[in-house]
Amino acid sequence: MADHAASLVREQFRTAEQQRETETLGMWIFLATEVMFFGGLFVAFTVYRMYYPQAFGAGSADMNILLGSINTVVLITSSFTMALAVHSAEVGNRRLLAFLLVATMLLGCVFLGVKLTEYYQHYLDHKMPSVWFEYAGPNASKVQMFFVFYFFMTGLHALHMVVGIGVLLVILARTLARSFSAEYYTPVAMAGLYWSFVDIIWVFLFALFYLQGLHI
Amino acid sequence: MAEPVISTRSYVFTYLALLALTLITTLLGYLPLGPFSMVVAIAIAAVQACLIAGFFMQGLYEAALVRVVAAAGVVWFLIMATLILTDYITRGWLPFPGK
Amino acid sequence: MSASSVAAEVDWLFWVLVVVCGTVAVAIACVVIYSAIHYHRRSENELPPPSISNSVRIETAWTVIPFFLFMGMFAWGAKLYFDIERPPDDALEVYVVAKQWMWKTQQLDGAREINQLHVPVGRSVKLLMTSEDVIHSFYVPAFRIKQDVLPGRYTSIWFRATQPGKYHLFCAEYCGTKHSGMIGWIYALDPQQYQHWLQEGAAEGSLASSGEKLFHQFGCANCHHFDGHGRCPNLQGLYHSTVRLAGGSTVLADESYIRRKLFDPRATTVEGYDKNTMPDFSHQIGEDDVIQLIAYIRSLGPQPGSTFPSSPAEPPELYGNQPGIAYPGAPPLQNRTPGIR
Amino acid sequence: MASQVLAQTATNYLTDKQGILSWLLTTDHKRIGLLYTASITGFFFVGGFFAVLMRLHLLTPRGALFGPETYNKLFTMHGIIMVWFFLIPSIPSTLGNFLIPMMIGAKDLAFPKLNLASWYVFMLGGLVTLVALVRGGVDTGWTFYTPFSTTYSTTYVVGAALGIFIAGFSSIMTGINFIATIHRMRAPGLTWFRLPIFIWSHYATSLILVLATPVLAITLLMVGVERIFQVGIFDPALGGDPVLFQHMFWFYSHPAVYVMILPAMAVVSEIIPVFSRRPMFGYTAVAYSSMAIAVVGFLVWGHHLFVAGESVYSALAFSFLSYLVAIPSAIKVFNWTATMVKGSISWDTPMLYAIGFLGLFTIGGMTGLFLAALGVDVHVTDTYFVVAHFHYIMVGGAVMAYLGGVHYWWPKITGKMYPEGLARLSALIVFLGFNLTFFPQFVLGYLGMPRRYAAYPDEFQFLHVLSTAGASILGVGYVLPLCYLIWAWKYGKDAGPNPWRATGLEWQTSSPPPAHNFDVTPIVTGPAYDFEGMKEELNLG
């Protein structure tokens, strides 16, 4: 078993522990860059939200809170299953790991399905900027701007979800190929970090887009 | 084989807390809090984010350096947000168009 | 002799900076060149005797001394900036509309010019500027002033020419193909010559009279009656008054506000009036027209300090709490408390 | 510094494996460094060619060669290529890539495959940008200001922005790699305060790459979305604010200047102690000042917006912060100077470049103080004064240091010495040509010549002619090293492991180094720039 672990230490590292710590650190730095990536959009959104509170409130009132909160629960659940997947990798339970990875991916697909349903509903409501946008009330161009940010940010988030599902597919394949053990499961942990991070982004998107128009 | 740092129980509690917070923030959204509705929603989202990062992502159990990295991401985002918003908030403090 | 009231001080600061920085730079250069020559390596095996390579005292000195020097530069630069940015109250007002690739200037008394501007020497001139397309920048090197001209909002800058003459006007923000052709002249004339020049140009009619024509042409007069009985507010006395909006907040009726009412009328609603009455003119009206209409509304009687339509008077400083001027159509922030500046 | 000197091994990283695939699929940081070197050299001469055309065009007031459309595309493409495809990757991706693992006693970077991927991503970004260029070019200026870029320009804005967007990921990959490597891969005994300043500066650089580049990516993405879908994000006609774009753009692009200059400072901090045979004066202060520049450098971007329509109070804050960031730069200059005093100073080419850097960077930095002074900035911003200022930093600073570094480490990289006389001559030519090119531009700016003008009033012609004359000299100064360095690789004298008698782990191994840098992991017992060991060596000799 020890030989197996040693063979998994790449040549630039001295020990398996050094390798694991370095890879974890690299992943967290990457997530920090993602914070700044989404951060730019959050700042722009905040500036316009500050200037056009009524218009952005009016746009928010068009959100489907039921689907939005269902999606939040779905994504939090997927994060939970992902965390358990990492846990089962830690204890070396390969069957449970595979099962939880599949569950996580399925929840991710449910999320994307619900999201697409919402997009389709917005399309039918003529609330899709540049494709079909009509708004009769005041401040139409600012309401449109709300929807530009809505589609931009949730779209970018959905893209991250798609990438995440792709990553999990690879992890699943490697799990089934018996690549991971209690000694070496760093890729599972890395995928888990990414997946949970995407969940964090959604929690904020939910707060920004869905919750601001409920009392209007 | 190292013992996992976080027990399944902790994961379950974290999960339940996250679900509870989602319910609370949704219900609070119906209250007419004015400008505070955004503040409350973001504050609850931040708590949720901390729970996910701390437990699901094991951030609380990693080396201090990892926590510094995570904090740096947030701090730099706040730098950007604060200094940009400073411009927008102080516009018009001088009574001449465009100042 | 400098060409504008601020130019002399800008040059002063500039040359003081040249002297201060130059002295330090020359000192560094001397030390480097002296060391390079005097301590030049004589043989390949030479190794200098160890000497101090660390001194908290020295490090502190060359951290703290530059800091105070820099703070001096900062303070002087900032003071000057406020002088450049804050126009005096008695300034002659000129409207500037920039478009690819020309400058259109209009004075209240009528003269409308392309790529040139005639101003009297010794009188402060305040420019209120906007762009019809991309960002431009109004730059008169001899006056040491520059201000970007943005689409969708007004920006302002001022100067007081001190020497008669002909000065370059440049566009300093890259604006497309003929950016380098977007240049013109500022003519600073003796007051008498300026009066003479004004009379020559007066045939065009004042800006306000053009605005009055537009006021009728666009049908504004159908609703905005001057007896106060129209469906819309009486615009007499509007300019620079404080307007009470539906919802309880207030806004100063300056150029930005009037422009916003034309381009995005539903962003704000005057208290007691229907928000859907005012049509949106954004697709029918150019920035030139807006300026003429503003001039007309001004001519109806500026009454600083009065409140519009009618309520307890509030001082115009309240304007300072309106961030909305940053945007066309930006509504004021809801119920902001005054006094946080 | 290190406890042992390695025996010469039979093969080195250049001869270890043969064939084109062994280069294209390499994960060796040294080979990837060379791949980057070849790429950015290509981009440098493409960008330089545009610069030459611009300078020739500006010989006459009406413009000698092109219409304004072409001129606008030239300065845009010059800026885009020089900033994103030469200056940003220049020192970190070439010398940094080559040296960081060697300086910290590691076999490679933490993520070698990511390193290779970053080169491919960089090349893809460059390719996309070049395609946009060949298909008709871009005329927005490298700053992509809205609404011109989103609504009014009719050129290939999206293509160029996409290329930069892609190349940005290579910056991020490099940054992540460096940070993880410097934290986790140091040799036993190599504590933070035993690290060469080169490592400190590259750590600071990586911090900026990682935290700023994503903001550029998202900003360009927003421009792309606004342009493709014609929706409102920055467009004032749809409620947007073009100044917000400028904030977000400069949140990246101002720190990006420090991405260019911090590695240059890194190189100079290695050269000056070695060629003065003195430990770095004020090592701790210099190390911390790198970090201070990286952090405070994030707080000053608003000084690009003093006349752009930001609030006066915001301008006030940014002016103050801009003065703060000047302090650590000043500390570095003073410490470099103090290092030279009472040293044993050689006049070898790397030192000549370092001294040139010192002078030009000082001028560039000090003119930054002019631009940070609000009242003066109003006059000189968006004029040739700014053009001269940032060229003193980026060309006078970063490129001089890059050339100095290339000469300094060329014996290590190739195992061969370059011709010293020719190299000194070209260093002199670069210095003189540079000053003749750009010093007149300070004067032009003060006199009011706006930048990005395809034609200009007659009274500016004399200074423009001087500048063009300087540019032709500068061009010669850049072509010469290209020729003799390549020549030296084949025909130069063998350099030996440590021709400069330098300290530092990279000199403890053979030249060129073996594929894994060190046969035995070195153990570090003393501080950087320790010349005491040389004394024993000399006594023995």
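Order as written gives the chain letters A, B, C and D; numbering starts at 1 within each chain.
Following the convention adopted for this analysis, a contact is a pair of C-beta atoms (placed from the backbone, for glycine too) under 8 Å apart; a residue touches a chain by one contact, two chains touch by 3 or more.
This one's a predicted model, so the numbers in the text were calculated from it and none came from an experiment.
Visitor: Please identify each chain that touches subunit B as well as subunit C.
Guide: Common neighbours, subunit B/subunit C: A, D.
Visitor: Looking at CA centres, what chain is most distant from subunit B?
Guide: C
Visitor: Which chain's mean C-alpha position is nearest the mean C-alpha position of the whole protein set?
Guide: D
Visitor: Look at the interfaces A-D and A-B and say which one is made up of more C-beta pairs in contact.
Guide: A-B
Visitor: Once you find the CA centre of subunit C and the CA centre of subunit D, what distance in Å lies between them?
Guide: Chain centroid spacing, subunit C to subunit D, equals 36 Å.
Visitor: Using mean CA coordinates as chain centres, what's the gap between subunit A and subunit B in Å?
Guide: Whole-Å distance between the two chain centres: 15.
Visitor: What are the residues of subunit B that contact at least two other chains?
Guide: Correct list: 35, 65, 72-73, 76, 80, 84, 88, 91-94, 98-99.
Visitor: Multi-chain contacts only, two chains or more: what residues does subunit A have there?
Guide: Answer for subunit A, listing residues that touch two or more other chains: 21, 25, 29, 32-36, 39-40, 43, 47, 50-53, 139, 141-142.
Visitor: Which residue numbers or ranges of subunit D touch two or more of the other chains?
Guide: 183, 211, 215, 237, 239, 241, 243-244, 248, 309, 312 - these are the residues of subunit D that touch more than one other chain.
Visitor: Viewed as a graph of touching chains, is the assembly arranged as a line, ring, star, complete set, or other?
Guide: complete
Visitor: Can you tell me which positions in subunit D touch subunit C when the two form their complex?
Guide: Those residues of subunit D that touch subunit C are 68-69, 72, 139, 141, 145, 147-148, 151-153, 236-237, 239, 241-243, 276-285, 306-309, 312, 315-316, 319-320, 323-324, 326-327, 330-331, 333-335, 337-347, 355, 358-359, 362-363, 366-367, 369-370, 372-379, 381-383, 446-448, 450-457, 531-532, 534-535, 538, 541.
Visitor: Touching residues of subunit A toward subunit D in the complex: what are they?
Guide: 11-14, 18, 21-23, 25-26, 29-30, 32-41, 43-44, 47-48, 52, 129-130, 139, 141-142, 144-145, 148-149, 152
Visitor: Considering the complex alone, what residue numbers of subunit B touch subunit D?
Guide: 65, 72-73, 76, 79-80, 83-84, 86-88, 90-94, 98-99
Visitor: For subunit D, which residues count as touching subunit A in their complex?
Guide: Checking each residue of subunit D against subunit A gives 101, 106-112, 114, 172, 175-177, 179-181, 183-185, 210-215, 217-219, 222, 225, 229-233, 237-241, 244, 248, 516, 521.
Visitor: What does subunit C use to touch subunit D in their complex?
Guide: 6, 9-10, 13-14, 17, 21, 24-25, 28-29, 31-32, 35-36, 39-41, 45-48, 50-51, 53-55, 58-59, 62-63, 66-67, 70-71, 73-74, 76-85, 100, 133-135, 137, 139, 141-142, 144-148, 150-153, 155, 168, 170-181, 183, 264, 282, 326-329
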